[in-house]
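Chain nomenclature is as follows: A, B, C and D, assigned in order of appearance, with residue numbering initiated at 1 for each chain independently.
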Amino acid sequence: MNLCMYLPNGQSDVKVRAGIIGATGYAGAEIVRLLAAHPNVEIAWIGSRSNAGETLSSIYKNLFRIVDLPLVDHEDPEPEVTADLPVREAILKLAQDVDVIFTATPQGACAQLVSEELLSGTRVIDLSADFRLKDVAVYEKWYGIQHAAPEFIREAVYGLTELNREKIRETRLLANPGCYTTCSILTAYPLIAEGLIDPDTLIIDALSGVSGAGRGAKTANLYSEVNESVKAYGVAGHRHTPEIEEQLTYARRQKDAEAAPVLVNFTPHLIPMNRGILATEYASLVKDGDGAPVTDDRVRAAYEKYYGNEPFIRILGAGSCPETRFVEGSNYVDIGWKIDLRTGRIIAMGALDNLMKGAASQAVQNMNVMFGLPENAGISMIPMVP
Amino acid sequence: MNLCMYLPNGQSDVKVRAGIIGATGYAGAEIVRLLAAHPNVEIAWIGSRSNAGETLSSIYKNLFRIVDLPLVDHEDPEPEVTADLPVREAILKLAQDVDVIFTATPQGACAQLVSEELLSGTRVIDLSADFRLKDVAVYEKWYGIQHAAPEFIREAVYGLTELNREKIRETRLLANPGCYTTCSILTAYPLIAEGLIDPDTLIIDALSGVSGAGRGAKTANLYSEVNESVKAYGVAGHRHTPEIEEQLTYARRQKDAEAAPVLVNFTPHLIPMNRGILATEYASLVKDGDGAPVTDDRVRAAYEKYYGNEPFIRILGAGSCPETRFVEGSNYVDIGWKIDLRTGRIIAMGALDNLMKGAASQAVQNMNVMFGLPENAGISMIPMVP
Amino acid sequence: MNLCMYLPNGQSDVKVRAGIIGATGYAGAEIVRLLAAHPNVEIAWIGSRSNAGETLSSIYKNLFRIVDLPLVDHEDPEPEVTADLPVREAILKLAQDVDVIFTATPQGACAQLVSEELLSGTRVIDLSADFRLKDVAVYEKWYGIQHAAPEFIREAVYGLTELNREKIRETRLLANPGCYTTCSILTAYPLIAEGLIDPDTLIIDALSGVSGAGRGAKTANLYSEVNESVKAYGVAGHRHTPEIEEQLTYARRQKDAEAAPVLVNFTPHLIPMNRGILATEYASLVKDGDGAPVTDDRVRAAYEKYYGNEPFIRILGAGSCPETRFVEGSNYVDIGWKIDLRTGRIIAMGALDNLMKGAASQAVQNMNVMFGLPENAGISMIPMVP
Amino acid sequence: MNLCMYLPNGQSDVKVRAGIIGATGYAGAEIVRLLAAHPNVEIAWIGSRSNAGETLSSIYKNLFRIVDLPLVDHEDPEPEVTADLPVREAILKLAQDVDVIFTATPQGACAQLVSEELLSGTRVIDLSADFRLKDVAVYEKWYGIQHAAPEFIREAVYGLTELNREKIRETRLLANPGCYTTCSILTAYPLIAEGLIDPDTLIIDALSGVSGAGRGAKTANLYSEVNESVKAYGVAGHRHTPEIEEQLTYARRQKDAEAAPVLVNFTPHLIPMNRGILATEYASLVKDGDGAPVTDDRVRAAYEKYYGNEPFIRILGAGSCPETRFVEGSNYVDIGWKIDLRTGRIIAMGALDNLMKGAASQAVQNMNVMFGLPENAGISMIPMVP
């Protein structure tokens, strides 16, 4: 029994003071839930534009008697002081009090508030897509909005912890990955980086629980519209596509720096469940020089090379199909695969909890790395079944 | 408003007497439900080995006061007469009374009871896989059992009504297709038959509600094991694969009788909902002689050519994603697609109700064709939303 | 096997032309679905304020190729003609074309459009609460709005078909009951009318699927807010309470015209499922003169007296617990009960489909009665399991 | 923000060695999950009769890489040694190694293995009903089995931690309460003990998620049998009834030691969700001497008196309806109520997670008390929403 990763919570004396913008969305509220139980964090304030003045626990009653802070409006945190200030200056009032700000906000919002002055005193972990893509033109094309702070894109670090740990340590601006992308990239990365599959054949078919669609009051996400049904959406046009492609291009260029960008088909589906993402990925295995097919051993070796020592990635092995229930409520990603000798393809599968490793707990994992805390502090929960 | 297909129920005076073997499974009970309201059918008897003597309505209380027949044991229908008879002779007692027998039984059961004497007097519609595959070796390999009546495979007609209507009219032995296969084949068939895609690139990613797993008391299908989770299963080895491949090979050979068999990757997933199958299919579009990509118009034309006059196949069109809720409780198949110019692939999607068009209502549709009834008799229900 | 109720659809030559106001809500769309397959109905027009100009089938794609009428705005049906008219006059344009109008509209809307002129030419079946309560003061207190047409309350007939069939035949204005109320009243009515229980002890604990909350875009009804949870709501204040109490008071006054009004505790709960209402009702059984407890036989006799010949009420019997799945998609109400000798109480239980017998199919049942059609025409569907 | 209860995990140096019998059921596996992350516990062994030899993590893959112990057969833990021993002697082999044994076993199993010798060296926390009822005749009547160790009933302590904390500290044999009962009793106890309601009018209507039905392979608990439906079951006969009645009788006798036993109507319902119990309880409020009705203030005072300092009971207050999602994954019980002045009744509502406070986390809470650990050690998780 390997319990080592569950033992030494709180072994660090560091205390990080944190603020959360966008706390009433599912990802924001999940960050609050995690930080409230984190041994090295004090929550300084939590923010919401639409519910400013209320307590978060009047909406998320799971937090009743646990987090009873009032919600502040980050664009107007102290009305008598900040009423006439632009957002970038108003937010500095809130920033004075904290070491880190989490932004769980709609696309574009974080870019509007970052500034050199902000980042000089406070680190920012952004859960939106604002700083995930290095090419601002790609961002503006897929998201359809102008980027308000392109000058910070370069320094932002893409927060797939397992792939970028060293850069994450030092960054002031962390671009936390999307839920689909975390799952899709982690499942395919070693196979591409180790040259086992032809990236041009990669097809990612992904299934998501409904919490990924957010807490906005939209008819399409009503219980009776979603329950007892399944559909694809955003086919050949979902915004997570370029994020996946950029990261997998880095994988491809591990062996050939001149390799063409990876293009994938990424098809998300909405599934009637609260949490969870499953990515089923198809690609043709490369042939060896002698034409021998890639074996399960080589696939396993590739995954072990990248994730063998990772506390939060579990390699289930050949023939094993991950299930979202087995990662629910945790920071784990489970990966399995099957080689089909008939067609020469591999089917690789990854599963995670979209609000945890796909959003909030990965954000906390990144915070832990950024502040030198034990990487599993506050996020070592065992998945809950059923 | 096109109501024509809903009007003339009961316009035929024919009365077909039917028996159902395996009535306590979900597909069997669904056939009983459909036949009980069918204007041209009388249910003569319903059978179940495990619940013989009980009424079906004591189990399926939706049928209370509607179908109150007792269940008979088809291997021993009249204990004092048939106790010592082998199955093939015992079943003749039941067959005397009916024009058609539906077998909604485990693999192998139907093959054990068909005989020349049975088929001389009664037509059989088999919902198992026993007579779906023309190559008995393929059957025995994928199902792992010896075929008990290979001599009838040749005459059996594969009951995808829309593709085989003429042959269905005359057959004595109808092999009703599987649920995944009906959806997978109908979605891809015109694209292959019209040469729009490269069949060797075809990947079928399919999602199914849990009723497809049957009513057997298995831990894996308990509510708390299936709910709030999703998984792939039978990856690269699901039994519906050869059935899909055989039919799609026929499609490919429409233009080239010598073409190689189609091999596909077919990956089913279990989704927490009762009913419904969604197939998301990926394939590379062929290039024209001049290198121009295939257009939506050509895709639509292909679907229209095959299904334009079909009452139960609805072509939703380019950019439209079918949802299982919009076919639930009906015999419809909804098909949509999206061309991805970036990758040169088409994503074609089909949706149906696995217990209806994927099993029971297609069986009734085939019965209607076999007995010269209006094809929509008893199966023209409008899908129920939500 | 009793199939008689399923056979002779379409035996009447009558054609009723119908219009539906509020067709994009769940109840309204369900009426359209039922009428589209009804052998004696032609749908003349369907209305929606918010989606006027669109087709209903672009929203409810289950109706694709089946009902492709555009939606009209009932407050402005012919813009060039009706733009300046008040609602009551504008609606007369639409009324000219139909025999019956169904109003599946928010509280107050139907009262605003009925007029003597309208009712002179067209019959109205209102699915809102506007004409259900005979005491306008009670209506205005519980619904918090002023009644716009109290002069029609008196003539309106409460459409619990099984209890008011004769009055329904003749009425111009039918007040279709609420979903909770249909279930609650039918379960308790015979027990009170026959004097078997003490009405002052009656407690109604009810569970409803989420479609009962409507299709409005409210955060509280999002999938991820409702799924995997259950709650009571409207405790001691739900609007269906006075409707239940008024009808059960009539029951009580069957034997004693001077009896006090019935007051009940009615507690609705929201359950994570699409359809279905279950009412679990508790009451103390009366003692006979000799102190002997009420028996199952007497309970059954009471139910048989009221419902023994009813096609759509199924008396399951003593010790039998109705399940909503066994009535789903149908017009049935299933009723069972259990006597607890330890406490001297009866627990009576009723189940129905809230969008069918709780709304749309009961509205059609009432229409059938009003127009002399077979009472089961268009609504004889067998419940669908699973 | 009150974070105090989340901080000082691991503040005790005590290490408790634990064994779990029945680890493959939902409650047993939940205990393992909790203990694996408990700062003061080492899991010595885990047991299962049906899966002996396998690892628990091959079944509960959420535990993969976390708990990889093999399962032992508690009736035959060391085959070469214990094969011929009766259960009570065989279990002593396992008991040598641990301080506490949790039994998450079917009714009757725990009674068969306890003995003076066992309890002399090891404390037992039993999650079955074997030692919950003080009257062995009541046990044998409601459970239909003979009690194998009635001599230990007297010393067993009923483990509703909040009501029996002092006795729990010292006991060797802890009878952990049922899930329905924990919720039902805690909600009603203060109201009865403080004399605010008439216990003879108490009706408990309860709703449970499906995990409460266990992990046995029963058709009735299949996904497609349970999903999209709701039903009452065990009406007027559920086994948790006498347990509720016994404890509430103690409440009644707080003020009058001679008071009659409490008899209740308890009606459980099965709801399509994994976890959660909601109890909706109805009772007539007593009248004061001056006839004034009981007020919300007096109700609140009663709850505050009993639970005001309890870390795991949250008094939501008047007019507030608890929702199971807000306690899911936690040890909390949320309680709210509504007074209905029209009928003179109170509707009190309680919610908990049936596998946590209703089983496993309450068992761990009791273990913490028994071993002098911080009461919240290992069970202070914040509920997870959605």
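For this structure, a couple of remarks:
Quick note on the criterion: a residue touches a chain if its C-beta (ideal position, glycine included) is under 8 Å from a C-beta of that chain, and two chains touch if they have at least 3 such contacts.
Note that the structure is predicted; figures quoted are calculated from it, not measured.
Put simply, the chain farthest from subunit A by mean CA position is C.
The angle needed to superpose subunit B on subunit C by their Cα atoms is 180 degrees, rounded to the nearest 5. We define each chain's centre as the mean of its Cα atoms; on that basis subunit A and subunit D are separated by 37 Å.
Chain centres here are Cα means. That of subunit C falls 41 Å from that of subunit D. A straight line joining the Cα centres of subunit A and subunit C is 47 Å long. Shown for subunit C are the residues that touch two or more other chains, namely 26, 209, 211, 224-225, 227-228, 272-275, 323, 325-326, 328, 386. Within the complex, the subunit B residues that touch subunit A are 203, 205, 207, 209, 224-225, 227-233, 235-236, 263-265, 267, 269, 271-276, 278, 280, 282, 321-326, 328, 338-340, 342-343, 345, 347, 349, 351, 386. Contacts from subunit B toward subunit C in the complex involve residues 1-3, 6-7, 9-10, 26, 29, 33, 36-37, 39, 43, 60-69, 211, 228, 274-275, 314, 316, 323, 325-330, 334, 380-386.
Contact residues on subunit C toward subunit A in their complex (touch as defined above): 26, 209-211, 213, 215-219, 221-228, 272-274.
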